[in-house]
Amino acid sequence: MDIATIIGIVLGFVVITSAIVVGGGWQIFIHLPSLAITIGGMLCATLIHFSLPQFLGIFAVVKKTIVAKIPSQSELIQRMVNYAAINRRDGALALEQEIGKVGDLFFVKGLQMLVDGQESEVIRDIMSLEIHNLEDRHSRGKKILEFMGAAAPAFGMIGTLIGLIQMLRSLESPEKIGSGMAVALLTTFYGALSANLIFIPLAGKLALYSKTETTAKEMIVEGICAIAGGDNPTAVREKMQAFISQSRREEVKANI
Amino acid sequence: MDIATIIGIVLGFVVITSAIVVGGGWQIFIHLPSLAITIGGMLCATLIHFSLPQFLGIFAVVKKTIVAKIPSQSELIQRMVNYAAINRRDGALALEQEIGKVGDLFFVKGLQMLVDGQESEVIRDIMSLEIHNLEDRHSRGKKILEFMGAAAPAFGMIGTLIGLIQMLRSLESPEKIGSGMAVALLTTFYGALSANLIFIPLAGKLALYSKTETTAKEMIVEGICAIAGGDNPTAVREKMQAFISQSRREEVKANI
Amino acid sequence: MDIATIIGIVLGFVVITSAIVVGGGWQIFIHLPSLAITIGGMLCATLIHFSLPQFLGIFAVVKKTIVAKIPSQSELIQRMVNYAAINRRDGALALEQEIGKVGDLFFVKGLQMLVDGQESEVIRDIMSLEIHNLEDRHSRGKKILEFMGAAAPAFGMIGTLIGLIQMLRSLESPEKIGSGMAVALLTTFYGALSANLIFIPLAGKLALYSKTETTAKEMIVEGICAIAGGDNPTAVREKMQAFISQSRREEVKANI
Amino acid sequence: MDIATIIGIVLGFVVITSAIVVGGGWQIFIHLPSLAITIGGMLCATLIHFSLPQFLGIFAVVKKTIVAKIPSQSELIQRMVNYAAINRRDGALALEQEIGKVGDLFFVKGLQMLVDGQESEVIRDIMSLEIHNLEDRHSRGKKILEFMGAAAPAFGMIGTLIGLIQMLRSLESPEKIGSGMAVALLTTFYGALSANLIFIPLAGKLALYSKTETTAKEMIVEGICAIAGGDNPTAVREKMQAFISQSRREEVKANI
Amino acid sequence: MDIATIIGIVLGFVVITSAIVVGGGWQIFIHLPSLAITIGGMLCATLIHFSLPQFLGIFAVVKKTIVAKIPSQSELIQRMVNYAAINRRDGALALEQEIGKVGDLFFVKGLQMLVDGQESEVIRDIMSLEIHNLEDRHSRGKKILEFMGAAAPAFGMIGTLIGLIQMLRSLESPEKIGSGMAVALLTTFYGALSANLIFIPLAGKLALYSKTETTAKEMIVEGICAIAGGDNPTAVREKMQAFISQSRREEVKANI
């Protein structure tokens, strides 16, 4: 669960909403047709740019970025050191009962191959390909969000142009000019707000999340391959600690 | 047939048209001289930037992106495994009658070289050059679409400047100001809409399509070269499956 | 002679001029002081950015892009195959009388070295350096055109600011506001039009032309070096055909 | 202590404030709700884009950029030459009493490893990893500042849109238009000023500082490893001087 | 002395000034507070971005770009061929009296090392480092000028915002609106003009100058190292001519 994303989005909307309410006339800021042009147009452009499965997948990717829990690096090391000790003491088959306690499907798959007695090289090949595919999915998700962040202001401007042209038609009735232009500017407002508070920052967060998850998965691969190669707990710990900086390394002992 | 592109374009125009019709005065949005400046100016700039054959080729490239059917990867593997089995059982000449059932010209050419008993290396060289030329054509098409997406708003702005200058001449007749500015803004509207709903997303889709088609063609080359090298159906399947991710691989058996 | 460039520029000006004439008041669009600010300012900035010889050379480069005739690739191959046959039959000296029939100075220089009995390696070194210098000149020309395409709208905006500031001085006489703003906008119009219809597309065309001419010159070098190395007509043809895609290769025979 | 940063920020605010005070009506430039939208919105977007620890760390990074004192290169060389002489004369243990005189924690850690008799290679590995982590932190800080410099004007524009829409509602009371638009423009002013006077230049200064500090730390590593390898003072000086340009090298002698 | 830069700047200001004088009311274009905001703000941001020595050094770098005289390549070759002949005939010491006739400090330093009998390799190492430092200084100067070219329009816009907000306060006195907005726009005018006529083109000229001077210095290094290695005048000429294109090479003979 990524706290910063939730705080940022909630607080951002509180700030913007307060500014609107304080200034008076918040009703004018809710205008469904304007929302339809900005968000609808942006979604249509996204559909043309990407394929249908990629487009539908973006929601799952974003949701995972916010709610997914990536195990901490020290937790991963502790767990893997325990498995190495169990493997040494009771053999790989004894790890079978540990599989049920693991939630992460990637981790489960790795342990299963370990229990099945697969070669270290085979495990590494198969799991590295999965990590590569994960990175691909994340980088595609980032591209989609960035495109949305560019398309939303563009369709906001298109909506404002439509509103301006319609308003200019009836320039002879001055009392309508103000409200006409206010409505015309709404699409630009929606486009700028959604791009700068949602799409662009989320694309950045997705890149950050991708790096964190990829590193965690690479540590799992490193650990499982070390166990499959018969390493003792200390060697497993050292191989996994190569991923983290000197100052954050801590002494870990098998705890079984 | 790429559903997403068609849905996106149709839905996009429905959204924009609805907004225009609901707001009233849709007639003002249809103005042929404004369309001529924006689209005409953009096409002229494209003609200057690129050569005549490249310019004329862009329509075929875009059309192919939308209507072309790329065989699915599992279908390609199934077909190639069958050919490998036929080749093993009856020899390469027996594949001649399969050629007629294949629609894709690239595939036909590869099979023909296989039947003619060409060396695996010769087939790979000739077909790789074709794939390379295909990628070149696609990347050039992408560049043209991106240039169009940049030139359309530019000529939209030029049209608006022309309209504004003409309107400002007759500032003494205030009743004309509104309609004059409305018409002036139309070219910017046309430019922004065509760029953001058509050219820029289509350039993205073309890049996506290029990658999918190139991968399919590379799988065909891999398969045909494997058969030409005398591989059995299982080896052919494994070589082709290296292109797709672990989780999507499925057991394929020769079905002849 | 590049037809597309000429069609594009002529048609572009026809489209823009029609729009101006149809809208009425074309006289206002011709304003020499505004033209002087936009184009003059842009040329001064270009002079500061580049050196005097580079600046003066750009006109020759652009002219060559439009009027130069690059021999077609099949024509080059045919000619070189003939020379190879003559060289085989009558020796290199017999090629001397062919030199007069060639218009391209680069080609003449290569043939002369061939007739003079220079080593294949020496010919390649000298001519490759010339090609490299040609590419340098072209890429510098492209940079100058791109800078012009960025500077013209900038000086257009500077001119508009000058006009606006002057107009705002006399805001008390409303009848002058309209014509004042119209004139002020003219420089932005000139800047946007010259950049988007001339400089930016020409920079693109120059890059395209550069690639085509360089490839032709590289084929000439390949052919002459092959003849200097004593290759027979068939070998010469094959070495030169490596530059063009499979589907466009044709059977060429010596025709002497 | 970086004088230029402090002079720049102070002088910049003096210039802007003078312009405001001279023009009259400075009270209108202080408007807390506008500040809340611009800075609050920007901070929220930054929170979504980055993680909580990264976000909180940026203040420490910036503060360090301004107040941290990096020892001069000649001072570093002098000190290290002295240590080499002490090490030669009295052995590594004699360096223990020098540790207390060093303020920089990185330097202390290196000296401690030297006193502890660690191998040259081990010292280099551990300290290089620390430098790498430092560069990572700096480059992340630069990215955050650059994002802030892009987000502040964006939220300034969003605030102006909100203000404009609210103002346009009450277009019938003309006396409110002026003050309404003035307040609306304030957010754009805050966004542009904070981005161009604070965030963007600070991102540049951080990159500069990062390079200077990294070079100093690399010189420390080079010197300590040379001493650990048993080099004499002259060899230590020469290895460290390889980091600085010929003209700035000076004769340094051990001074103990 | 770079003629193009001087012509460009002088002519550019003549063009802009003429346009202002012809339009009338040139007095309004001279407004010191506006100049202070634009140029002062830009200089403060530059101070924050770079360090004090870098900031102060930019003026020397720009001045050198305009007034420095780089010896022509053929002049360099002629001179070096003469030195090679003298060296052959009378030995390196005879070159001592030539040092006084050379103005360029870099050249003097090289000749001095030659006279002192330094090894060819040592000379190349020391002088290459100097060239590298020169390139560093130039590229930093280019970055500073480019930053100035981006900051000037930004502070111009900030000044315009300040002026607009102040003007909008007194919207009830319409006679002040015009002159208020005119003054407000002045800062944008100053920013755009200084960026597009001074900073951006000068950054380009600096890059060009850097390449020319670096090539000249590399030719000097090549020549001096060749003489130090005992090459005869012809070999020295050939080594130095490798830097210039075939068509511009000319026969050079020792002239002593």
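Think of it as A, B, C, D and E in the order they're written, each chain with its own count starting at 1.
One rule holds for everything that comes next: a contact is a pair of C-beta atoms (placed from the backbone, for glycine too) under 8 Å apart; a residue touches a chain by one contact, two chains touch by 3 or more.
Since the model is a prediction, treat every value here as computed from it, not as a measurement.
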Minimum number of chain-to-chain contact steps, subunit C to subunit E: 1
Any chain in contact with subunit C as well as subunit D: E
Relative orientation of copies subunit B and subunit D, as a Cα rotation angle in degrees, nearest 5: 145
Separation of subunit A from subunit B, taking each centre as the mean of its C-alpha atoms, in whole Å: 29
CA centroid of subunit A to CA centroid of subunit C, Å: 47
Where subunit A touches two or more other chains, by residue: none
Ring of chains, enumerated from subunit D in the sense that reaches subunit E first: D, E, C, B, A
Touch list for subunit B against partner subunit A, complex: 2-5, 7-9, 11-12, 15-16, 18-20, 22-25, 28-29, 175, 177-179, 181-182, 185-186, 188-189, 192-193, 195-198, 200-202, 204-205, 208, 245-247
Residues of subunit C that touch subunit E when the two form their complex: 33, 36-37, 40-41, 44-52, 55, 126, 129-130, 133, 147, 151, 154-155, 157-159, 161-166, 168-172
